[in-house]
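To keep things simple, chains are lettered A, B, C and D as they appear, and every chain counts its residues starting from 1.
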Amino acid sequence: MGMVGGGQGAFIGAVHRMAAALDSEIDLVCGAFSRDLANCSQTGRELGLTQDRCYSDLGEMLSCEASLGLGGGAAGGRGGMQLLSIVTPNNSHVDFASQAAKAGVHVMSDKPAGISLEEVEDLAVVLQATGTHYGLTHTYLGYPMVWQARHIAASEAFGPIRKVHVRYVQGWLASAAEDGNKQAAWRVDPALAGPGGALGDIGSHAHSLAEFICNSRMSSLVAHLRSHLPGRLLDDDGEILFELENGVTGSLVSSQICAGEENGLSITIYGENAGLEWHQEQPNSLIERRATGEVITHRAGVDKPLCDEALSRCRLPSGHPEGYVEAFANLYRNFARALRDGVAPITYGVPGIAEALRGMAFLEAAVESSNCAGALTEIKEPAYGPDRKGLLT
Amino acid sequence: MGMVGGGQGAFIGAVHRMAAALDSEIDLVCGAFSRDLANCSQTGRELGLTQDRCYSDLGEMLSCEASLGLGGGAAGGRGGMQLLSIVTPNNSHVDFASQAAKAGVHVMSDKPAGISLEEVEDLAVVLQATGTHYGLTHTYLGYPMVWQARHIAASEAFGPIRKVHVRYVQGWLASAAEDGNKQAAWRVDPALAGPGGALGDIGSHAHSLAEFICNSRMSSLVAHLRSHLPGRLLDDDGEILFELENGVTGSLVSSQICAGEENGLSITIYGENAGLEWHQEQPNSLIERRATGEVITHRAGVDKPLCDEALSRCRLPSGHPEGYVEAFANLYRNFARALRDGVAPITYGVPGIAEALRGMAFLEAAVESSNCAGALTEIKEPAYGPDRKGLLT
Amino acid sequence: MGMVGGGQGAFIGAVHRMAAALDSEIDLVCGAFSRDLANCSQTGRELGLTQDRCYSDLGEMLSCEASLGLGGGAAGGRGGMQLLSIVTPNNSHVDFASQAAKAGVHVMSDKPAGISLEEVEDLAVVLQATGTHYGLTHTYLGYPMVWQARHIAASEAFGPIRKVHVRYVQGWLASAAEDGNKQAAWRVDPALAGPGGALGDIGSHAHSLAEFICNSRMSSLVAHLRSHLPGRLLDDDGEILFELENGVTGSLVSSQICAGEENGLSITIYGENAGLEWHQEQPNSLIERRATGEVITHRAGVDKPLCDEALSRCRLPSGHPEGYVEAFANLYRNFARALRDGVAPITYGVPGIAEALRGMAFLEAAVESSNCAGALTEIKEPAYGPDRKGLLT
Amino acid sequence: MGMVGGGQGAFIGAVHRMAAALDSEIDLVCGAFSRDLANCSQTGRELGLTQDRCYSDLGEMLSCEASLGLGGGAAGGRGGMQLLSIVTPNNSHVDFASQAAKAGVHVMSDKPAGISLEEVEDLAVVLQATGTHYGLTHTYLGYPMVWQARHIAASEAFGPIRKVHVRYVQGWLASAAEDGNKQAAWRVDPALAGPGGALGDIGSHAHSLAEFICNSRMSSLVAHLRSHLPGRLLDDDGEILFELENGVTGSLVSSQICAGEENGLSITIYGENAGLEWHQEQPNSLIERRATGEVITHRAGVDKPLCDEALSRCRLPSGHPEGYVEAFANLYRNFARALRDGVAPITYGVPGIAEALRGMAFLEAAVESSNCAGALTEIKEPAYGPDRKGLLT
C-alpha cells in the first residue's frame, strides 16, 4: 500500500496506517506524504520506509512504483504498491483516485469522496473503465454492532422499520479552532472541503450509517444548515429531516459546535415491534428494546450470539473492548482480502463508489435545500452503472 | 383539595394524589372521580373519604364544598376544598377550570391546558377576573436537575446558548393500543384530546422543557407530523425544527410509536463553552461537558453543591433516588406553599397560565405547519395579561 | 400511626413520614417527636397535628392514645394510634418497641433492631406474648427489582446460586462529620448505636439484602473491621467474607469512609447459568447476564414482564422512575394492608422480627470475628419461635 | 520480533501480534508458533513469513536467528530477531525467557511470569547476568486511564489512599469449558498453569493493577480460594483481603465462574478526599467522586487535560474509542522505544521482572493462606537486585 497525504501535522493519515497495519495483511511500502519533501522524507523515515520510496508527488509515486511491478500479491508484497490510500483534503480526492485508477492501482479514499457529485460521477466512469477497485472509509460501517443492528432491523421480529434518528455532534469547532489548527482550517474552506462543512465531514457519516442500517436510500430531505462563527463560510451546524425510499422518515443532526461533545455519533431505529440504539462512543453495545418490554444489550465479541457479518468484524472475546481503529481496520482488512480473493471489496462489506455517489448527492441536496430556506428537496439519482445500490440490497 | 376525574381505570389521577399526599401539606377532602356514581363512590371509599364528599359532578361538588366554608387554611384543613385537581381528558380542562375559578377555587390542571388556544385565552380572562390561581402540571419542571440545568445554562461560564435538542419518545402507541385501552383511546380522539396527539400528550412537555431551560420563548417552527396507524386521526409521531426568541435553534422529536421506548424524554443544550445533557429516566444526574475537556456529572441531593432552586426540590441526600412522583409532588407542594404564603404559584416555580397559553400556541402552530407540508410558521403571541413570560424571565 | 423520634434536626423521621403518606393508606395522628417539648410541638404543628396529640414521651403517648380507642381501622382512622413508627437512635429501639407491644400497638422500627442480640431476643418474646406485629425497615427490600432478582435467582434457568458479592459504600464519614452533625454523632457512639458503626448502619442492609435475594441464612463469616479516624470507637469500614447455609460464598463490603460515594449499595449474584447485578442508585434496572451471551436489562414498571411480587411494588409505567421513598412506602403500605387483612406483615413481604434477630446475630458475629483478628466465626442461631426463617422460605 | 507459541487454535498469540503491529514500530520476522511443524508453517505463511523463518522449536530459532546478526535496529529490521514474544502456557515461560536471555534476545512474556517464585528468581539472576530486557504483559497497565488514576491517587488533593477494592470476574469457566477447549484446558492443569488457576490467570492482573495505582507493594493477605467444578484442581474462584505496605487495606475478587461476565476487571480506590472508579470494559472513562460532592469523568483522548503518562498512551482524540489492543500495543511500543533509546523498558512504564517476582510471591502467598483456611499470610520478599520496586516508586 502507498499513501498520499498523512505527513507530519496530519491526523487521519496515522489512523489509516494503524488500521492498515493492525491485521498484518497490508504493508505500507511507499508514500507521498507531503508536498514538502523534508516532511515527506521524515514521515517515511519514521515509518521505516527507505527514502527511494518517499515521493514528492503522486504522479512520481505511481510511475516509479509501476516500474517495480505489481507482483507480490494483491495488497502488499515485494513489488510496487497495488493500493493507494488517499488521506488528503477533500478537493484532491477525485483527482488522486483517478490518477491511481488509470495507473491500475486500487484506491481507498477518505470521505467525502470529493467536492461535487459531478466529479465523483466522472470518477465512477474512470473506475468502471479501468476495472480498479475503490473503497471509501465510512469508518463506522466497520463496527460489528452496526452490522448487527442492520441484521436485527431486517428481521421479521423487528417488523418494518418506521423511524430513524441519527445524530453526529462534535464540539471542536465551537470556537474558532481554524485559526492555527491545520485540521480545522481546511475543513472550513469551501475550496478545499467542498460544499459541506460539518455536513461533509461528519454529516456524511450519519447519512451513510442511516442508509446502511435501514438498507434504503435517502430520497428527499429538508435541511437547515448554518454557521455560528463570524466569517465561517461553511455550515458548522444543522438539522435535516428526511425520507428513505422505503418510506422510513427520520432526522439527522450534524454539528461541530456542540461544545464539550467528543465524537458523538449515535443512532436510533424503530420498527413496528422493537427499537435499536447504538452509540459510537460505546461501540461494543447495541441496545434493543422490544415492545413486549424486554431490553437486551447485544455485545460484541467472538463468543457472542451475533450474526456472521458482526462476528467476522470482531477479533476478541467480549469484554476486551475493540474500538475505532479496529472498525477502521475492518475496512482495510476486508479490502485486502477482496483483492486477494479477486472479488469487489463491496462483496466484503467495504463502502465503495455507490456510497461515494449517494453521499455527494446527499450533500448537494442538503446545501440546496438549506439555501432555499429548507425547501423539500429530492436527492438526485447519481449517474452510474449497474451496481447502483452498493451496500444496499 | 378536591379532584375531578381519576376514578377507577384512570392512571394520572392516582399520580396526582400521590404527588399531593407525599409531603403531608395537602389533604384530599372530596372528589368527583367519575360520572359513574358507583365508580366515584368506590374510589372515594378506597381513599378514605366519606360518601357525602364523593360527588357525581363538578358543579355539585363546587356548590356543596362552598357551603362548608373555605376556612381551614390554604391547601386543606377542615373546611371545603380550596384547590381543584383536574385529571380528566383534555376537552374538559378549560370548562372545569373556569367553573372552579368562578367558585373561587384554585386549580391544578393536567396538561395540555385545553383543546384550543382560544379557549385557554378565555380561561386566562376568567382567572384574571376571579383572582384565582392556576397551575399546570408540566411534571418535568418539578425535577431538581432541570432547574440546575437552567441555572448552568444561564451562567456566564456556559456562554450564550446556541442549540437545544429535545426528544420525547414512547412506544406504547406503536401498535393499536387504543382498542380496549381507555388511556390510549381518548388520546387519539380529536374531540377529547384536541388538535395534537403525541404532540399534545408529550410534545407539549418537550416544548415547555426546552423553553424553560433556555429561558426563552419559541417563536417559529417547521413541523412534520404524521400518524403511522391506519385510521388514527391524530399525530403519533413527528419532528419539529424551531427557533427561540433569543436566537437559539433546535429540534424536537415527539413520538409514541417508538416501539420499546418507555418514557424517553431527554434534552441536550449547548452554549459557547459547554453542553448539558439530561435524561428523565435518570433524573438525578445532569451531565455537563466543558469545551476544555472536563466532564462533570451534577447529582441531585440535599448534600450536593447545587443552586437553591434545585436544592429546594430535593428531599434526600444524594444516592437516595428521587423520581417522577417526587418531581410531581414539588409542583403540588409549591402550589400549596404559595397559597399558604399568599403569593402566586408561579413565584414558587409552578407552571401556570402563561405556560398553558404558550403550550397551546405551540400546538396550533405545529399542526398548522404540518398541514402546510412543513411551512415555516410563526407561533402566535397569546392574548393575555402583564405576566406574559410566566416562568421565563 | 404515631411516631417516636423524628423531630426537627432529624433525618430519617421525615422519610418514614413520606413513606407512610405516599399511598394515603396511613394517617399520622400523633407523635412524641422529641423529648424537647417545644421541638415536639413545633414538629407536630408543621405536620398538621393538634397539640393535644403531641406528646413529650412515649409512655404518655401510649396511654393517652389508648384512651381514644383503637376503633378506626387497622392503620389510621379516627381512634388512637394502632401503629408506632420508631425513628430514634438504636439504643432505644427495643425499649420503645416493647412498650408499644405491651400497649397493644404494632411497631415499625428503624434498623438495626437494637444494640444486642439478647435484647432483641427479649423483644421477640414480648411480641409473641402480646400478639402484636413488628416490622423492620430494611428499605431496600421494598424495591421491586430486588424481588425480581430473588425471583430470577430462584429459577431453574438461573441454576443453583454459587456466589454473592454485596457492597455498601458511603463517603459521609470520610472526615470527622460527627463534630457538629447530629446524624453522624450518635452513629459513632457505642452507647447509642450498639456494637456496629458502619456495619450496624449500612452493613446490616447489605446482610439482609444478600440473605433475601439468595433466600438463605448467613451461617459463618470472617470479618475485618476498622476505624480510620482517630478517636472513633466504632467501625467505619470493613470487609467480610461469608458463607450461607445453602453453600453460597461471598463477600460484603461496608464502609462509610469511601470519600465521594453517595449511597452505593450494589449486589451481584451468580448462578451456574447466569449472573445478576443491581445498583440501588439505579434501582429500576436489574441486569441479567446469561452464560449463553445474552445480556438482559429487566426494568421496573407496571407494564413490564415481571414477577407478581415485583409488579405489586411498582406504581407507575416503566420510564417513570420510582425511588427510595417509593421502596420505603412499599414497606409501610404492605404493613398497613396486612393489618387491614388481619395477617402478619411478613406475609406481605415486610421484614420482621426474624430479620431483626438474624441482623443482630450477624452484627455480633462480625464484631467478634474482627476482634479476634478475623477468625472464622459461626453466626449464632437466635432463640425465637416457629417462624424462624422470616422472609426466607 | 520472534514469537514462541501462538499457532493455530491459540488465542493470546494473535493479540500479541496485533499489539506489536499496530504502531508499525515492530516487525514480526520469525516464529516457533507450534511444536507441530505443519501448524507452525501454516501460521507463518498466513503471517507473511518465509518458511525458513518458521522454526519447530525455540532453540533452533534462537541459533538460526543469531546467525542472521542483530543488525537492523532494536526491535525489528533486517537482521535476526532481537525480541522474543512468549505466548505459551505458563510452565514454559521461564525456560523460554532464560534461553532467550542467554542468547542475548530480549523478552516480552505473557503473564504470569512462571509457575513458582523460585524459578522466576532464577530468571531474574539470568536477566541480570545477561543484561537483557524483560517485559511482562500486564495489559491493563497499558491503559491511559490507569495511569491517570495513579496520577490522581498520588495527588495532594486526593489525600492519602485508604482503601482499594479490585475485582476481576469472568464467566467462561462457569461450566466445564476445559473439556474440548484448548484455552481452558491448560489453565486448569497445575502442571501447565502453576499453583494458581483463576488467580494466576486473572487475579495476577488484579494484583498488579492494585499495586500499580496505589503505588505500594502488597505485604500480607488472607485468601479463600475454591473450585466449583468437580475434578477441577485449581481455584476458579476466590476472595482475598489484603494490606499494602503503605497501610492501605482492600479486597480482591478473582473468579472465572461468574456466569455471564465477560472480562469484568474493575477497581475503586478511596483517598481521604475523593474516590476513583475504573472499569476495564469502559476503559476510556475514569470516574472521580470528590467528597465535596463533585463527580468528574476523566476521559481518554489526546485532546483531554490528562497527565503526560496518560496522554502518551492515547493515539486518538476523545470519543474515538481505544481498547484492549491499543493498551496492549502501548506495552509493545514502549518496549520497542526503550530498546531503540537504550534504556530499560521499565523506564517507559513496561512491567518487568520486579512485577513478575511480586506477582509470583502474591500467588504463592494466596495459595498458602487458602490452604491454611485463610490464615493471615505475609507475602514473601523476592530475592532480586537493586531495582526492587519496578514500577513502584
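Note that a residue touches a chain if its C-beta (ideal position, glycine included) is under 8 Å from a C-beta of that chain, and two chains touch if they have at least 3 such contacts.
Fair warning: this is a prediction, and the values are worked out from it, not measured in the lab.
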{"item": "Pair with more cross-chain C-beta pairs in contact, given A-B and B-D", "value": "A-B"}
{"item": "Self-contact between copies chain A and chain D, residue sets same or different by half", "value": "same"}
{"item": "Computed distance of Cα centres, chain D from chain A, in Å", "value": "35"}
{"item": "Centroid spacing, where centroids are CA-atom means, of chain A and chain B in whole angstrom", "value": "43"}
{"item": "Chain centre separation in whole Å, for chain D relative to chain B (CA means)", "value": "56"}
{"item": "For chain B, residues contacting two or more additional chains", "value": "261-262, 295, 299, 301, 303, 318"}
{"item": "Touch list for chain C against partner chain B, complex", "value": "11, 14-15, 17-18, 21-25, 27-28, 47-48, 76, 170, 172, 261-264, 280-283, 299, 301, 303, 315-326"}
{"item": "Sites on chain B touched by chain D in the complex", "value": "292-299, 301, 303-305, 318"}
{"item": "Residue ranges of chain D touching chain C (in the complex, touch as defined)", "value": "159, 162-163, 165, 167, 169, 171, 174-175, 222, 224, 226, 228, 237, 239, 241, 249-251, 253, 255, 257-262, 268, 270-275, 288-291, 295, 373-374, 376"}
